[in-house]
């Protein structure tokens, strides 16, 4: 029997409808760099889904590239981007933001989220400091939705963050690498809310049904002038941009993006329930497609023989926190097989 | 009748064998970031094709990204990269090299190539200048094979460039966006020669049969330490790296990369012959898949109605130089249709 | 007899009035970072001399630092600075502009100057190119006044450059490392003209009477927001900023800056005349404090025994172009001694 | 009566012997860029004082410039510099390190110092993380001696830090903006120890007797190749470099640097004693020229009328921590006047 794999959510290819369309138009000659009708169609569908007709949309290839290109575009040289100290940009992107010349300022992480209190306190300190001309100025607030811990901001939190940003002239940017999973796990925040409260965000494709690709949405016109040239300069402009448009066009047809996201949430919930039922401790209340479970070390070693999962952190001398991740492609059979092993 | 399109060589998707394999393994769970067996297989095939077992190979997504990441990795901060003033890195990459902090030093272009004489003269001047500590130091020589004008270096030129590089402690790097077309058009230079005389180069996939992707080959061990981390920092690390490995694995099976490259050369030659036969002037002796033709302006306007091609430059008051590009996917039918229109 | 030295114009310390004032206030406790009353006084004097009350003025330490900090501040990331290919920023500043991420675009040098024709032609090409989103956008025009060849722009040339800049939405920036010498050599261009036609420029102190220091003048309000923080970030903010203010305060009292500049021009003229009288060829018509003379090689070797000067370039097999530079501190005795040797 | 000023240690000009020598050689023609005999003499004296004949020494203008240029030179692009979260480079240099492309990694501050335990723990975590190729690699350890809080590392701490650096292949770099004050306050660490245990450090001049200037000492040969060119590229190369050499030549003649440093320590001790005697609370045990005192808020307001000092932080509702700084130039009269007011 082959091993069950639950270590991440970007292990499969893409939704079959995408491959189908790729097969279909493979020999059609397309204009380069995203200036084609398939991209236009995808953009229009995303604008509608966001309920934001003025949105400017660009397709990039991957998450780190997208974060670095967008944040660099939003920041002036004397400005800094603010993140939870667990944010992907500060932890796992090899210094990509700093490589573009910007300091990343960290606030405490509350299960992966920043709190409005911490943000306000930091801003007040900065503006009260009479020597702040020697310090980088706050420019952008980075949040991830859902966070790296699978947690999600409430609608009130989103509103409050935006309010603070408006008050202090900051831009609010959301990293949506797993946006579909976050939105499907929330009982209140919708894509329209994200578009309403964020100046910029991206709709993650790589982890949610696409082969690769992230759709950046700017909810204000000309938020980053000449973004196309900046994409080129950052090596983030795909020659066959229609490949990206095609994927998002499929994903935003008939609500597919959300339909397949819901599968991941459903499968993850079943896994969580199975662990709970057997008396395992859930490490963190994480409503999305990532479940963090406390395993006794010997159990963990035993389980490893037939399932892959991610090491997260040490819990105590005898226990370890591990992560199980589902995706749009996780099947009931795979989950059943896992649950039997627990 | 739909319009014939010859304006560039990256208009189609990919070779059907690639799509076939993608369809086949779409739901296999693969390890991320290129650390999978498909990438390993592709690398091994490329090493063999290069006759360079010690080669270190990485797969990146696009050309500008690859040039910037590799050249940045090869250069020290006080060094410059030398290119023909028509080189892609200085002309059409939106300042990507400079955005990484490096000056690009230009030598005269000889139909897209740099001459050993010019290179030597520049190097001698630099090293003779007693104030050269105020000037960026030569570090890397960038060539494109074939060049942006479709021309190719001879084996002797390649050897001489490498000899100069060794003498002055420079690295020789070749941009192989259209490497297959360049090699198939040469009657002497082979992939093994490229691997022998260049410290680093890339095998272009985007324009030669792949959906996207470039295979960087370092022909010396540890030429750029921690290149994986640099890729991540530059947003050039694809999460589903196996997508890149898969494409090169197919392209380097049964010599497919070169077989399909030859098609582009053959088709281009037919187009050139058709123009010559009708008495048109060939602007530049360009043996690869790009043909530069001098058209009378009114002819050009007429032709535009049924064919797309690229404006290249003004020739004189009444004539214009235009470019016709073929690719691995260009069909005999398309060429025949074009030839009828000439 | 000690050797006569004419190789450059930054060999002496500073005008004695500066040292006198430094001695006088050495133990006065001054506020840091240029936020002191001496700096304010100097700024006010410069504003008056420029006839530009809205000018914002900053004091930096050296020329390369000033060029890099100002040009970086003026440019967007997708923009380039345009210079003659002999401009100091592209030739002798070790890639400082590129190190900040910007491409330097070169136009032909006409005795060190750019021509309006070349500039217009470049701009028209850029804006006519339908693929220019892949190319860095023109943002700043860099000129040096006087140029590296000691030549100066006429008032008409300055006006035309500014007109082009306005038309194409560019900023005009003048490197005034030797501004005093340029202005004293011109029979028409004044400091007020420089302030009228340039968006930004600097008044060179290092080569014109100061120990060190350059006064940056922005002739429009808030041209570079948060420039103070950018200075800090670039390591260009002097803790004891009053040292810079003090020097410019002295130099802009009683017209001292121009009085001492005139000395350099007068001395240089005498040297030129002496060479002409003896039948030597003047290489280039250079009206400022740098004189370029063609010497027969054996004469050059002979002269070297008692005088220092700069090698400029080879003239022909038997002749060499050399440069003699005078400064604010050059004495009649030194010039007489040199003239005797010719 | 004029106000007493104790808010910082860079308020005066320079030691009179420096001005004396500047006056003396003002009209001597000196070779540029630090390639003169005065710089050579200063370097030789510093080498002797460091007991490190192989030391390579460079003179830069200010602290932020020095930190950015040296740390950038020491780091590879994929590496990070580690500092206490109170380090000057992360707090008050406007993102200068990040502007050069490098992430600054913070460890907890223990009264301004990093602990070997924290450093080891961070390093072990990094090297144990199997995904660390996605994270910047530790490259340089930055310490300040004395710290921003006026505290100093013990000899044992220095030795241990270096031992860890050797074990993990890191470079140890000390910011010596106030080095003289730190060394004079230590009863065990000497300049020779700093030179023995640090790969690189700088001897601060700006705050210790010079008008401006910092002497960078590399204790290993060729630690940063082509550092001269990097200085130029960073705008950190002073044209009249002899001005820097002259100052350090004077300061390192007859032990002047340490003699005048001791004055600051002695004066600071008197101030501290006066506060202690009157029953005030000393906030932090800081043995150097900065004294941190807890003042009742109304006392603070009263004192402000006749003395300047720095706000440091809030202590509680009714008390504030303030800083009094002495310098090489602080006089007994000034201290007596202050003590009378307490």
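Letters A, B, C and D mark the chains as written, and numbering starts fresh at 1 in each.
Following the convention adopted for this analysis, contacts are C-beta pairs under 8 Å (C-beta built on N, C-alpha and C of every residue); 3 or more make two chains touch, one makes a residue touch a chain.
Note that the structure is a prediction, hence the values are computed from the model and not measured.
The fewest steps needed to get from chain B to chain C, moving only between touching chains, is 1.
A centroid comparison over C-alpha atoms places D as the chain most distant from chain B. The mean-CA centres of chain A and chain B are about 34 angstrom from one another, to the nearest whole unit. Each chain gets one centre point, the mean of its Cα atoms, and the points for chain B and chain D are 50 Å apart. Centres computed as Cα averages put chain A at a distance of 42 Å from chain D. In chain C, 77-78, 93-95, 99, 101, 133-136, 229-230, 232-233 are the positions where the chain touches two or more neighbouring chains simultaneously. Chain A contributes residues 77-78, 80, 91-95, 98-104, 131, 133-136 to its touches with chain D in the complex. Residue ranges of chain C in contact with chain D, taken from their complex: 5, 8, 10-14, 16, 19, 22-23, 25-32, 61-66, 68-69, 93-96, 99, 206-207, 211-212, 229-230, 232-240, 243, 329.
Residue ranges of chain B in contact with chain D, taken from their complex: 72-73, 76-78, 101, 133-137, 225-226, 228-230, 232-233.
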